[in-house]
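The structures come next, written out as structure tokens.
Look at the two complexes coming up: chain A is in both, with chain B in one and chain C in the other.
Showing the complex of A and B:
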């Protein structure tokens, strides 16, 4: 007997492609939820790439590359 | 006042000791793409999959002019090449320097911790010594008791001596008084007797006694001469 995990508690990588819209709809979109999600994302990235004994350039360069891509996307219409 | 309605320490979580930091961060290839992406694509496309994806994506962006080549491209190309060259050349040195700084911080913290531990250990030893000293209490009190007993004894004997000497002084005084009185009486009596005798000696008696003395002396001298 396998214990079925609720859809809203499943992680994103375990969600099947057909269930994706319903999974997204079930997420917490209150301001507190959004802030919580951002905080969790930040904590994950920080603890994986920056808060280590021997961190490298990669932790910082990924953030900068993301910034470059986002600013290119935002200024694409002006090119 | 502790409100006992809130349960304490219900979870297994324990914040101390703090788990140590991981040694290295997540693996990142070429400084930009995390290793997990490559692992994600490996089962389906093998080793070259992500690179093919990257090349295809790049050509698509270029051909559809989603990425426009203009003066900024040239500038970014030059800047990136300089940055990459600097990182490749001096990266190791900067990393070593940062590691040294970290080492110093950690060493200082460790030193503080060791200091604290040492201080506490010395405190423990001193406490044990104090406990050992407590066992000697009985000897200390015996010595003190002896001291006090000796003091009391000495004081008692001093006072005894005082009493004795005082009583002796008074008795001596009485004895001296009696002696003095008797002597005075004696002297007075002798004086009186002498005076009366001298007064009673008449001139006639004096001559008679002197003549008798001379006769006695002559008799004595005769007997002495015979003895010699």
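Showing the complex of A and C:
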């Protein structure tokens, strides 16, 4: 007997394509939820690339490259 | 054609959100809070080393009362340094090229040093208006001059930072335009201009760091006189 996992608790990679809209609708979009999601994303990146014994230049460079890309998108209409 | 060179100093908007908001909040992401570990990761170690360096440098001349200003001076230094250096990346927006932001930083801090001096040691503060050993006939003129130089300090602080960064960014844009334009016509001259561009970029990195330092150093000097 396999225990079925609720759609709400499934990770994104396990969600089937047809279930995607309902999965997105069930996510927590309150301000506290959004801040929590940003905090989780930040912690994931930080612990994977920066908070390691021998972190390299790549961890910081990816953030700066992302910043350049965001700035480009913001100023696209002005170029 | 000339007007388009100043377009880089206009904050771009996307769906109503100005880029300046992101540019001012982004430096906070680059400085993670050190946890309670003894040996931290490389970024945090570098950051702590740097903060200790500037704290020692800025606070050694100040007396005990002045050490209350440690947090604001070091965080100001870090903010300006990060904003200036981030502005050298392509397509980014530098908030410190806006006079409004620099005056908003310079004026209240200068006023705070002035009011601290006037409140805690009024005669010593006013005494700074007359250098020692001036001949008596010169006293009225010198007091006027010293008052003017005192009142012009916030303006000088703000404009110095704005002008240095704006001029640097403009020069980079002008010379790079010249390099691209000359590439098809005279490649040799274009190569020389590229060398100039490389040297200029190195200068701009130095200027970015120096200007942040000078801003905070002058503020600490004004504080030394008054606290």
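Structural remarks
Rule of thumb we're sticking to: the second predicted complex is superposed on the first by the 79 of 79 C-alpha atoms of A that agree within 3 Å, B and C clash if a C-alpha of one lies under 4 Å from a C-alpha of the other, contacts with A are read in each partner's own complex, and residues count from 1 in each chain.
FYI, contacts are C-beta pairs under 8 Å (C-beta built on N, C-alpha and C of every residue); 3 or more make two chains touch, one makes a residue touch a chain.
Remember, it's a predicted structure, so these values are computed and weren't measured experimentally.
After superposition on chain A, the partners chain B and chain C are accommodated together without colliding.
In the superposition on chain A, A:22 contacts neither chain B nor chain C.
Look at A:77: by the touch rule set out above, it reaches chain C but stays clear of chain B.
By the touch criterion defined above, A:61 reaches chain B but does not reach chain C. Here the apex is the CA centre of chain A, and the angle it makes with the centres of chain B and chain C after alignment on chain A is 70°, in steps of 10.
Using the contact criterion defined above for the overlaid structures, shared-chain residue A:46 touches chain C, although it does not reach chain B.
Once both structures are overlaid on their shared chain A, chain B and chain C have a minimum Cα-Cα separation of 5 Å.
On chain A, the surface touched by chain B in one complex and the surface touched by chain C in the other have residues 50-55, 59, 72 in common. Chain A contributes residues 42, 46, 50-55, 59-60, 63-64, 67-68, 70-75, 77-78 to its touches with chain C in the complex. Of all the residues in chain C, the ones that touch chain A in their complex are 7, 10, 12-14, 19, 22-23, 26, 29-30, 32, 41-44, 86, 89-93.
In the complex of the two chains, the chain A residues touching chain B come out as 48-59, 61-62, 65, 72, 76, 79.
Residues of chain B touching chain A in their complex: 21-26, 28, 31-32, 34, 66-68, 70, 87, 91, 95, 99, 102.
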